[in-house]
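Residue numbering begins at 1 within each chain, and the chains themselves are lettered A, B, C and D in the order written.
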Amino acid sequence: MMAPVFDLTQNQKMNTTKLCSMKEAVDRYVADGNTVAIEGFTAFIGFAAAHEIIRQKKQDLTLCRLTPDLVYDQMVAAGVAGKLIFSYLGNPGVGSLHCVRRAVEKSYPRPIAVEEYSHFGMVGRYLAGASNLPFFPLRSYAGSDLPAANDRIRFVESPYGNGQIAVVPPLKPDVAILHAQRADAHGNTQLWGLLGVQKEAAFAAEKVIIVVEEVVDETTIRRDPNRTLIPGLIVDAVVREPYGAHPSYVQGYYDRDNAFYLAWDSVSRDPDKTAAWLQEWVYDVPDRASYLEKLGLERLASLEPGELIAEPVNYGRYA
Amino acid sequence: MMAPVFDLTQNQKMNTTKLCSMKEAVDRYVADGNTVAIEGFTAFIGFAAAHEIIRQKKQDLTLCRLTPDLVYDQMVAAGVAGKLIFSYLGNPGVGSLHCVRRAVEKSYPRPIAVEEYSHFGMVGRYLAGASNLPFFPLRSYAGSDLPAANDRIRFVESPYGNGQIAVVPPLKPDVAILHAQRADAHGNTQLWGLLGVQKEAAFAAEKVIIVVEEVVDETTIRRDPNRTLIPGLIVDAVVREPYGAHPSYVQGYYDRDNAFYLAWDSVSRDPDKTAAWLQEWVYDVPDRASYLEKLGLERLASLEPGELIAEPVNYGRYA
Amino acid sequence: MKYTPSELMIVGASRALLGSRVVFVGVGLPNIACNLARRSHSPDLELVYESGIFGAHPARLPLSIGDPTLVSDATSATSMADLFMLYLQGGLVDTALLGGAQIDRFGNLNTTVIGEYGKPKVRLPGSGGACEIASNAGQVLIIMRLKRRAFVEELDFVTSPGHLDGAGGRARLGLAGGGPKLVITDRALFRFDDQSGEMTLTEIAPGESIASIQSEVGWSLRIASDVVEMKPPDEQELQRIRHELDPEGLYR
Amino acid sequence: MKYTPSELMIVGASRALLGSRVVFVGVGLPNIACNLARRSHSPDLELVYESGIFGAHPARLPLSIGDPTLVSDATSATSMADLFMLYLQGGLVDTALLGGAQIDRFGNLNTTVIGEYGKPKVRLPGSGGACEIASNAGQVLIIMRLKRRAFVEELDFVTSPGHLDGAGGRARLGLAGGGPKLVITDRALFRFDDQSGEMTLTEIAPGESIASIQSEVGWSLRIASDVVEMKPPDEQELQRIRHELDPEGLYR
């Protein structure tokens, strides 16, 4: 199942399609001032894309994610973000996001605006954006101070006489960057494991960059149509980037690099150490292949899971 | 993949679980006056359950389905229904539902009330019911006479100043009866193909009867958790009933019996022929196994599709 | 080559799909028209079915919009909630094909009832997905046989909104889609006038006259200054319909 | 057998899960508590994670609520939309475990900010799923260390509603869930009084006194008439925590 790590020839062979390098995808589809969603709940987090955005020194991005996680901590530290739209600002299982906290508490390296929801609120925002609804209703926020902190959280009276319900407005990012296990060259994308809000963010965004572990034939996709959560119809670019989600994980391909998440705590507490880390691991490496080379095969091998193949299903041929 | 047709021993072995016969399931969970949803959009239509409901002479049921289809045409002809909640009243690809039309136009064999939406409206009703929302918003109905015909279709003003939106109220059936390819004895259910509103109807209903082609081990289910759309948590009964959706179809197991749908047109045009059909194929057969025996192995064999196995996926072992 | 009125409609609809990328397909004639378009001028046309299919590649003529042949080998198969919310309401469907029992001059459609709603003379199937399709699709192509009892001054029931009471009606109600663009019949083809939103006769079938068409329409018809003859099906189109798409002749 | 304050909390939470069927699990101590309950008195307890997991069967201690070991071998893995809409809002979660940086006497929780919202002294993680979990779960068990700066007279920010301004507060706002039931700390256990909705001291750890607990609470504490001693962890529970659930001692 595992594709070779440093072989990028597949991309080069298929460049008449949406396939392109991460550098090209970010250059073409992420502009200064854009609202950007790099999603993935614990899994599928697009670190390779984030690092390329940092290298290309994009400015004043509004970054959306349920959990800004290390990926936005690094982007905020690099100064590419002007605003965060989020619901949980932590290093999951470890503690704080120190770079984001420095930006919020001390305007370092620059001030940052925050627009804050709960998880369900963020999910509802993507859902409304994806389905062209003026709002999405959810049972939350009553009795909380969140609506006072964010006046985009409002309430609607039900026309059936059964009370009030909170609503959130649509979120339609300019660009969504979504990692998955596999896609074809048109961007028809299949993922399994934690589905998060990958589908909703893709449908909500104006432009979609898909980053995958493997590029497969269209016939592979069409052998399991229920698994295709994102159609090529809404995809602008397909980037083959094995291990592109490291230090987060991809179900069935590699484990989360928990040691990295732990180590980031002490790196990120210190602005100088953070800057040095960005220099060494982002600015000084041209692309993800070089990052992986630097990381080393041993580290990658240690993240390889055992095999657990899904029970087969028969769709049947009806001709 | 195909289980033997007439072997019911699997049920009998596992009767400490939710497994039971169709007769038991209908007897226990469908009561006179209930609101019942036998769902499945073209596929997975629960004819075996419908016939058992007719045999048990249930009364005054409110029957919900996007497409009443032949299954409710037969139930209406048998006089078990007092009301229909629906969105498309036709024999798909053939023409009218003559028994339903006789009930609506001529109150034969008894008058029937109708409450009518569009497909999306019915989907929204199940979604609201499933997710405990006071209403579900959708872009439809503006400019249509449907809201005038059904005052449960209403409009709310968006609190974001972006106009009005139609809403529908929650639908929470007393019982949903849903067919699928496979479930374990606890009712953890996997289906593939046309997903329709199976999941939404299950979560919306108070009681859920799952009818499957195959009962499998819990381990089989857990080898592909993304495929589990209905958890045993909300399931009351699991009925193993191979070919229980005939003359509709089950993806990968059997084809739609289109000849039956065509033949029903002339049967159902004539009340006497309809009564004779019900006598011969419902009242005079004690259960689905007998119905299948009467139908004949040759007919069933003619519906068998070729094999098209989904591309495998690896979830990985993380121990 | 001789052709039937149904073949004229199928070919007319197929040709009108030139330039469409994503089409919402109904069963019957629309289905054959869409598959014909895929096999001739629009190989990349994506077929969407309300049953939850995006990118169908049917191996046989589907006999319903939920035929299993639409699932096997499809690009994606979703819940109906996703189909209606993400694809249709999300604005991804540029063209939809619809029909009806009655149509008025603004392309509003009735598929619900003939007679009074509460006391129907004929109970029709109802909306299905038509109401939201008519509301949200980029454009709607209507396929109906031309008959005086179908082309009426006033609908018994408005199931699906066309241009409502004329141009601007949809904008006033905030409808997302562009509404009806064409009415393709077995005897004539109509376009909707941008200024008035009114159905306008622009093409007639060989052997028809403006008068013969007007006699089947229940209102005083708006007529284009340059009514032309409908281009008949060509041989390749007829071959594809007869030998590939509907070899049993179910829809001819 | 000796035990740590964390072990006392884990065991307290585990025991409080007796009778629950479906529990919404957070990472860290709550996660160990839920897995301990499954391995002792409640083998059928279903673990739900906001990452989209129903019926997790983790083969190792998950280090986050999105750990891949929660997916493999789970009963179901869904989108977060389905998890929040169908499972949580749908009313299927009977018990949830929550914590916070601050709690008040009615069990309202702050996980957002210390200081003013617009000018934070300490920026905390925020709600995550806590606000909707607190609103919709059948009952909420709160796990927090007892500290005066956490048990405060007035929250700096209400992230997640407890009993609001007292009993009846939730009903007035139409909150679907029952709200906080217990607060489990390393030094005492509190229950919420049905009449007033107020946190009430009912159990204290061995070695503690009512006064030593009151000194860590920022308001005049309601005290049960029959305060008893918390039952310490038994040997089997400690073995399971130390050898099976947290062999590396991350959470002790």
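The definition used in the following text is that contacts are C-beta pairs under 8 Å (C-beta built on N, C-alpha and C of every residue); 3 or more make two chains touch, one makes a residue touch a chain.
Because the structure is a prediction, the values reported are computed rather than measured.
Please identify each chain that touches chain A as well as chain D.
Common contact partners of chain A and chain D, which must touch each of the two, are B.
Can you compute the centre-to-centre distance for chain A and chain C, using the mean CA position of each chain? Integer Å is fine.
Once rounded, the distance between the two centres reads 40 Å.
Any idea how many Å lie between the Cα centroids of chain A and chain B?
Comparing mean C-alpha positions, chain B is 38 Å from chain A.
So how far apart, in whole Å, are chain C and chain D when each is placed at the average of its C-alpha atoms?
One centre to the other, that is 57 Å.
Among the residues of chain A, pick out those that touch two or more other chains and give their numbers.
In chain A, the residues touching two or more other chains are 127, 132-133, 138-139, 163, 192-193, 195, 199, 221, 223, 226, 251, 255, 305, 308, 315-319.
For chain D, what residues touch not just one other chain but two or more?
53, 67-68, 71-73, 77-78, 85, 89, 136, 176, in rising order.
Check the chains against each other and report every pair that touches.
Pairs of chains that touch one another: A-B, A-C, A-D, B-C, B-D.
Write out the stretch or stretches of chain C touching chain B in their complex.
So the residues of chain C touching chain B come out as 27-28, 50-53, 63-68, 71-73, 77-81, 84-85, 88-89, 108, 112, 117, 120-132, 135-136, 157-161, 164, 169-170, 173-176.
What part of chain B is in contact with chain C in the complex they form?
The touching residues are 41-43, 66-67, 86-90, 92-93, 96, 100-101, 104-105, 116-121, 123, 127, 138-146, 149, 163-164, 192-197, 199-200, 249, 251, 255-256, 258, 305, 308.
Looking at the complex, which residues from chain B come into contact with chain A?
It comes out as residues 1, 132-139, 154-156, 158-160, 162-163, 165, 167, 169, 181, 190, 192-193, 195, 220-221, 223-224, 226-227, 251-253, 255, 305-319.
Which of the residues in chain A end up touching chain C in this complex?
Contacts found on chain A: 127, 130-133, 188, 199, 203, 218, 221-223, 225-226, 228-229, 231-234, 315-319.
Under the stated contact criterion, what part of chain C meets chain A in this complex?
Counting only chain C, the residues touching chain A are 21-22, 46, 53-55, 57, 59-60, 67-69, 71-78, 82, 85-86, 89-92, 136, 176.
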